[in-house]
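Next, two complexes with chain A in common: one pairs it with chain B, the other with chain C.
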Partner chain A sequence: MLSFPDLRLDRGRIRRTGRRALPFSLGESIALVCLLLVVIASILGPIVSPYSPIIPSGAQLLPPGSPGHLFGTDNLGLDVLTRVMVGARTSLFAAVVTTACTSTLGLILGTIAGVVGGWLDNILMRITDVFLAFPGPIVAMAISAALGASLSSSIIGIAIVWWPLYARLARGEVRRTATSMHVEAARMSGSRGISLVLRHILPSTLPTVAISASLDIGGVIAVLASLSFIGLGTPAPAPELGLMASMGMQYLLNSWWVPVIPGLVVALLALLCNYTGDGLRGVLRARGV
Partner chain B sequence: MAKFLLRRAGSLVVVLLSLSVLVFVLQRIGKADPVRAYLGANAPALAVTQARAKFGLDQPMLVQYWNYLVGLVHGDLGMSYSTRRPVTVELADKVPATLELAVWALFFAIIIAVVLAGVYSLKGPVSGVIRLVFFSLASAPSFLLATLMLLLFFMQLHWFPAVGRIGDPSVNGPTGFYVLDGLLAGNLAYSWDAVQHLVLPALAASIGPGVALARVLADGLSFGMGSNYARTARSLAESERSILFRHALRNASSPALSMFGVLAGSMLSSLVVVEQIFSWNGLGQYLSTAITSADFPAVAGVSLVLGAVYVVLTAMVDIVLALVDPRVKLA
Partner chain C sequence: MTPVLDVSEMSISYGSRTPALLAVSDVSFTVDSGQCLGVVGESGSGKSTTGLAIQGLLTRDSSVTSTGSITIAGTELDPVLETGWRQVRGRKVTTVFQDPMSSLDPTMTVGRMLTFVTGSKAESLRWLEEVELRNPAVVYGSYPHQLSGGMRQRVMIALALARRPALLIADEPTTALDVSVQAQILKLLRREQAALGCGIVFVTHDLGVAKAMCDDIVVMRKGRIVERGSATRVFASPESDYARHLMESRLTMATDRHRPVGLPEPTVVSAMVEALNENRAVDEDSAAPDATASEVAVPDATEPPAVTAEWEAKALLWSRFRPEPAVRDGEPEAILEFAGVSKSFHTGGGRRGRKPVLFSVSLRVEERESVALVGESGSGKSTILRIAAGLETADSGSVRRPRLHADDIQVIFQDAGASLTPWLTVGQLLTERVRNSKRGGAKSRAEIDELVGVAMDRVSLDRELLRSKPGLLSGGQRQRVAIARAIVIPPAILLCDEPTSALDVSTASTVLNLLNLLRHSLGISVLFVTHDLAAARVISDRILVISDGRIIESVLSEDVGESVSSDYGRRLLDAVLS
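Showing the complex of A and B:
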C-alpha cells in the first residue's frame, strides 16, 4: 500500500527546502561538471582529432575499441568519435541559439504586452493563446519542411512555435514588477517610458526568462535531433547527431554502434542539461523566486 | 456549463481556422512551386499559365484561401507531388494505424505515470535509482529508446517482432484498428499478433510523456496528502489509502490532466520518429517519406490531420477537466 509518512507533519517539505539551501545537490554538481567537460571536449575534440568528420579515414564498420578508432567507424569508414564530437558541438550551439532567439522574441513581445497593455496586450495574448493551442512539435516540423530542410529552418520552426511560452512568462513578470515599490518610486522620481522599462522593469524580468530558457535547452537538443532524424536537418553527410542515427539504422543488425552512439550522445547532452537545469530551478526556489 | 461548452467550442473553431491559415501560408511561401512540381521543371510557359489558372493560383490570395478552406471542409487536402494522388486518399488507411498506436502509447504512459508516482512517494536508495533511471530515459530522444528496445527485445531476447503492424495481413477488417478487427472477426491469434507488434513502438513513444506525467502526479499527491483536507480526513479516522484514492488522487488528477495537452503534442512527434523506425505504416512514416521527397502537400495534409486531432483532443480534455474539477469553470 502507498503511504506518505514523511508528509504528515510537513517534515518532508521542511527537509527538502533545507537541502535546497545548498546551491546544488551532489548529483547536480556532478552533472554541471560533466556538462562543462562535454562542452570542452566537443570544442577541442574536432581540432585535436586526426580525422575529418566527412572524409573516410579507415576501414568500414570497424567495431568500437578498434585501434585508432575508439567508437569505431561507420558504413563509409568515417571515424564515429570525431563525428559525434562535431555533432555534439553543432547540437549544443544550435540549441543555445534556438533558446536564445525564442526567449528574446518572447521577452520583447511579452514586455510590450505587459507595459503597453490595452488592445495591444489583448491582441498579443490572443495570438499566444492560438499558438499554445497548436501541437508545437508538429507545427515546427511543418514550418521547417516548408522552408526547406536545413538546420536553420529547424531553428526557425522551433522559434516560431515556442516564443508564446516566454511571452506569457515575461508578461506576467512585467505586470508583477510594474506594481512593485521600486518601480513606483522610479515613476515618482520622473522615470518614464522606455527608460523606466529598461532600467527598472527589465532587470527583474530578465533573470526569470533567462533561467526558464536555460531549463529548456535539454529539451531543445532532443527536439532538434528528432527533426534531424526525420530528415529536416542538414542533408547527409553532415555530422548531425539525429541524421547520423537515422542513416545508421540500416546497419543496426550487424553494427549497432553506428546508429546507437549518436543517439546516446544526444541523450547524454539532454540529460546533463536537464539535470543542471533542475539544480538551477532548485536554487531559484530556495531563494523564493 | 452550457456557456462554458459554447465558449470552448468557439475557441476550438478559431484555433482550427488559424491552423488552416498557417498551413495555407506555409504552402504559399514554400520553396516548391506547385505548378512546376506538378508539370515538371521543363514544362512550356503556356502549359504553366494554363495549369495556374486551372488550380486557381492566378486569383487573389483571399480567394485562394477561401477555395482552400472550402476544399478542406469537403475533405480535400490537395494532390501529392510524388504520387499524383489525392492526399486524403493516401491518408485514409494511415489514420487508424497511427491512432491505434497513439491509444496504446497513451495507455502505457498512464500506467508508467501511476506506477512511478507511487515509487516517487517511497524513500530509500531503490526509489532513488529508479528515479534516476527514468529521468535519464525521459531525457533520451525517442529514436534512441526505440533503437535500444529493438536491440534488447527483438535482437537479444526475441520477445517481440520489429517491423510493421502485423505478420500475416489476412483479416481485412472494417475499422483499420487491427486488434479490434481481429476481435470482430473472431480471430484471436490475429489480435494477439497485432498486440505483439504494438508493444515496442507504443512503449518507445510513451516513456517520455509517462515520466513527465508521473512528476506532476507525484507532486500533486504529496501536496494533497499534506493538505488541510487530508488532515481533516485523518482526524475523522479515514485510512491513508482512502484519503489517497478518494481525495488526493482526485485533486492531483486535475493538474495531470491539464498537462495532457503538452504531452499529447510531444507524443505525436515521438510517434512520427517511432513509426519510421518500426516501419509502422501510419501518418508518421508517411510524413517522413514526404519530407525526404519534398512533397509539401503531403506534409501539410499530415500536419493538418495531426493538428486537428490534437486540438479536438485538448478541447475534450478541457471539458473533462471541467467535469472533474468544478473550480475550472470559474476561470
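Showing the complex of A and C:
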C-alpha cells in the first residue's frame, strides 16, 4: 500500500513560539551537519566513484560490505552506493526546484489575492479550494501520468497541487499585515500601491512562506520518490530512489539491501530536511520576523 | 508590632546568561497591617519583579536566582524556593492583578469563583455588595466576559479580600481602567483596607495613583530603591534627583501650561536650541537691516546652558519659540472642519446590526491651533481622528480640509513600536516619507539627507540612529522617530492618538515637550486625542470633551478647571489625581 504524506499539512506547527536562546537545538544542528554531509556526498560521490550508475560493474547481488561495493550490488550488478548517491542528488535537486517554484508561485498569487481583495481574491481562493478539495497526491499522479512518465512531469504534477497551500498561507499573512498599524502609518506617510506592498507588507510574509517551504522539502522528496516508486518517474534503469526501491522489491527476501537501502535514503533525506527546516524556523522566529 | 511583610536585602536576577540580569538589587522594606506601601517606578525599575516575588510567583522558573528573604505574617520564605509558599500564597497574601479579564476564570460564573473562597452563597453576595456592585444577584450569576472592566476589577477585589489576607498586593490594578472608574476603585480599596486592616503593597507606575492611595512610598529605579518615605514627604520634597525628576514630570491640573513640563532635559533643550537658531535664521533673512529689532525679539540664549538655566528658573515660555505670525486678514483659516459627522460600525453577527459611534459631531481646528479631544474608551474620540486622517470615511456629514492634500496631514499613533515598519531602518522610513511627498518637486539625494537630518535634530535624536531598526530603540526614541517622520515634511495639522499613554512618566513629558515645541516653532495645528485631561490641558489651546459619540462641551485649556460645566466633564476633572 502506498502511503503519501498528507498534503493538507498541519499549518499549526508554524506556531508563534517565543524567542529562543539558541536558535538551533542540538538535534537540529546535528541534522544540519548530516544534511550538508549528504549533499556533499551526493554531489562529489558520483564523480569520485569508479562505477557508473547504469553500467554493470561486478557480480550480481553482492551483499553490503563486499570488497569494492560498500552497499553491495543489485540484480544487474550495478553498484548500489553509486546509484543511491546519484539518486539522492536527483531527489534533492528536484525537491528544491519544486518547492522553490511552488512557493514563489503561491507567494505571488496569494499576495495579489490578499492585497487586491474583492472579486480577484474570490476567484483565486475558489481555485485553491478546488485544488484543496481533491486528494493532492492522486491529482499529482493523474497529471504526471497524463504528461508521460518522467521526472519533470512528476515535478509539474506536484507543483500544480502544491501551490494553493502557499497561496493560502501568503494571503492570510498579507491580510493580517495589511491591517497592522505600521501599514496604516506607512499609508499616512504617503506610500501607495506596489511600493507599499513590496516595502511594508511583503517582507512579513516572506519568512512564513520560507519556513513553510523549508519544512516541505522533506515531504516533496517523499512524494517524488512515491511517484517514481509507482513508475511515474524516469523509466529504468535511471538511478531514482523510488524506482530502485520498487524494482528491488522482488529481491527483498534474499537480497534485502537492494530495495531497503534506497528506501532508507529517502527516509533519511526527508527526516534531515524536516529537522533542518525546524531549525530554520527557530532562527527566523528568533530574529523576530 | 511585627510587620505583615518584611522584605530584607532581596536581590533577584533572571536568566542563565552571565552576568545574569539583575532585576532587583538589595531591596528592603516593611509593611505594617493597615498600611499601604506604594512601590513606584518606571518600566525596567524592578517593581513588577518585586511584586511577583512577594506573591511567591517566581518559584516556578528555575532560571531565576535570588538572595535575601521575605517574611510574611511571621513565615520566613525564600523568593524563589517553593518551600512554605503554599500555606501563604492565596491565603495570607492575595492579589488584585492589572487585567481582571485574564486573571478571572472565563469558564466559571462569578458566584462559583467566589463561593470557592467564601463557602456560601449568602457570604458571596455579601462580598459583592461590599465591593459596591450595584446588582449583586445578577453579577453572581454572570461570567467575567459579561461584565465591564470596572465591575471585573471589583469582583477581583472581592475575591482577593474574601480570603481575609494579611497582605494584599495590588499590581497596577487601575491601569487598564478608564480614569473615572479608576477613582472609584481606589476609593473602594482604601475603604476596604480600613475595614479589614490588611497591609497593601501597591505596585504602580502612576504617581497620581500612588499619591492618592499610599501612606508610604518607595521609588525604584534600575532594581534599586532610590527614595523612601511617607507619601506626603516624597511628593512634596523628594530628596533624590530621580524622584525629583519624576515628581516634576507628573502632570496635574496645576501644571503650568505655558512652560515646558518637568526638569530641563538635554534632549528637549538641544531641540529648543535648534528651533531658536532656525527662527533666528529666518528672522535675519527677512529682517536683515533691522538688526536691533531681531535681537530684542530673540535674546541671545541659544546655547544649551543658557536655555537650561532659563528652564530651571521657570522663565522659559513656549511663546519664545513662536515665530511672529504672518499678518492675518480677517478670520483665521480652518485647517480641519467637521460638520454633523456621523459614523457607525458593523457589529456583524446574525442581526447585521450597526453600532453607532459618532452622532452628528461638529468641530473646527484653526490654523496654528491645538485642540484636544478628551474622552474615555469607547467615546469615539479615536474614530474622529481616523476620519480626520482619512483612514475611515464618515457615514454622513461633511469633513472639510480646505487646502489640504496628503502632505498636510500626519498622524502619530499611540503605539510607536507598532507604527514603524520593523524591518526598515529609521533612515529608510524618513527618506521614504520625503520621497513620497509631492511638495517642492523632486529632490536630490543630498536634499533628502539634509531634510532627514534636520528632522532628527528637531526631535533631538542622534543621526547615528538613522541606521538602526525600530526594534533596537527604546519606547521614547521610537515615539520620537514617529514624530520625526510626521514632521520631516512639516504638515499643516498633526493628529496625535494618545501618543504618550504607553510611555513612562518622564518619557511622556519629553514627548509632550517636543510636540509643544514643534507646534510652536513650526506653526503646526494639532488635534490631540487623549483620556488624560491634565495632558490635554498642557498640549492644547482648547479642549473638547467627548462622551458616547457626542461632543459635550468645548472649553479653553487656560481655565479648564473653572469653566467645565457638564456633569461628565466634571467627572473627568475629578478623576485627575492632584
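Note that in this section the second predicted complex is superposed on the first by the 257 of 289 C-alpha atoms of A that agree within 3 Å, B and C clash if a C-alpha of one lies under 4 Å from a C-alpha of the other, contacts with A are read in each partner's own complex, and residues count from 1 in each chain.
Going forward, a contact is a pair of C-beta atoms (placed from the backbone, for glycine too) under 8 Å apart; a residue touches a chain by one contact, two chains touch by 3 or more.
Every value quoted in this text rests on a predicted model; they were computed, and no experiment measured them.
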Contacts of A:V139 with chain B and chain C, given as first, second, both or neither: first
Touched partner set for A:R199, first chain B, second chain C, both or neither: second
First, second, both or neither for A:N254, with chain B first and chain C second: neither
Touched chain A residues, chain B compared with chain C: B
Contacts of A:E184 with chain B and chain C, given as first, second, both or neither: second
Chain A positions touched by chain B in one structure and by chain C in the second: none
Complex contact set, residues of chain A against chain B: 1-4, 6-8, 10, 12-13, 27, 129-130, 133-139, 141-143, 145-149, 218, 222-223, 225-226, 229-232, 242, 245-246, 249, 252-253, 256, 259-260, 263-264, 266-267, 270-271, 274-275
Sites on chain A touched by chain C in the complex: 21, 180-192, 199-200, 203-204, 288-289
Chain B residues within the chain A interface of the complex: 11, 14-15, 18-19, 22-23, 26-27, 29-31, 118, 121, 123, 132, 135-136, 139-144, 147-148, 150-151, 155, 221-222, 225-226, 234, 240-241, 244, 264-266, 268-270, 272-273, 276-277, 287-288, 290-292, 294, 296, 299-300, 303, 306-307, 310-311, 314
Contacting residues of chain C [partner chain A, same complex]: 16, 389, 391, 406-407, 409-411, 413, 415, 418-424, 429, 432-433, 436-437, 471, 482, 485-486
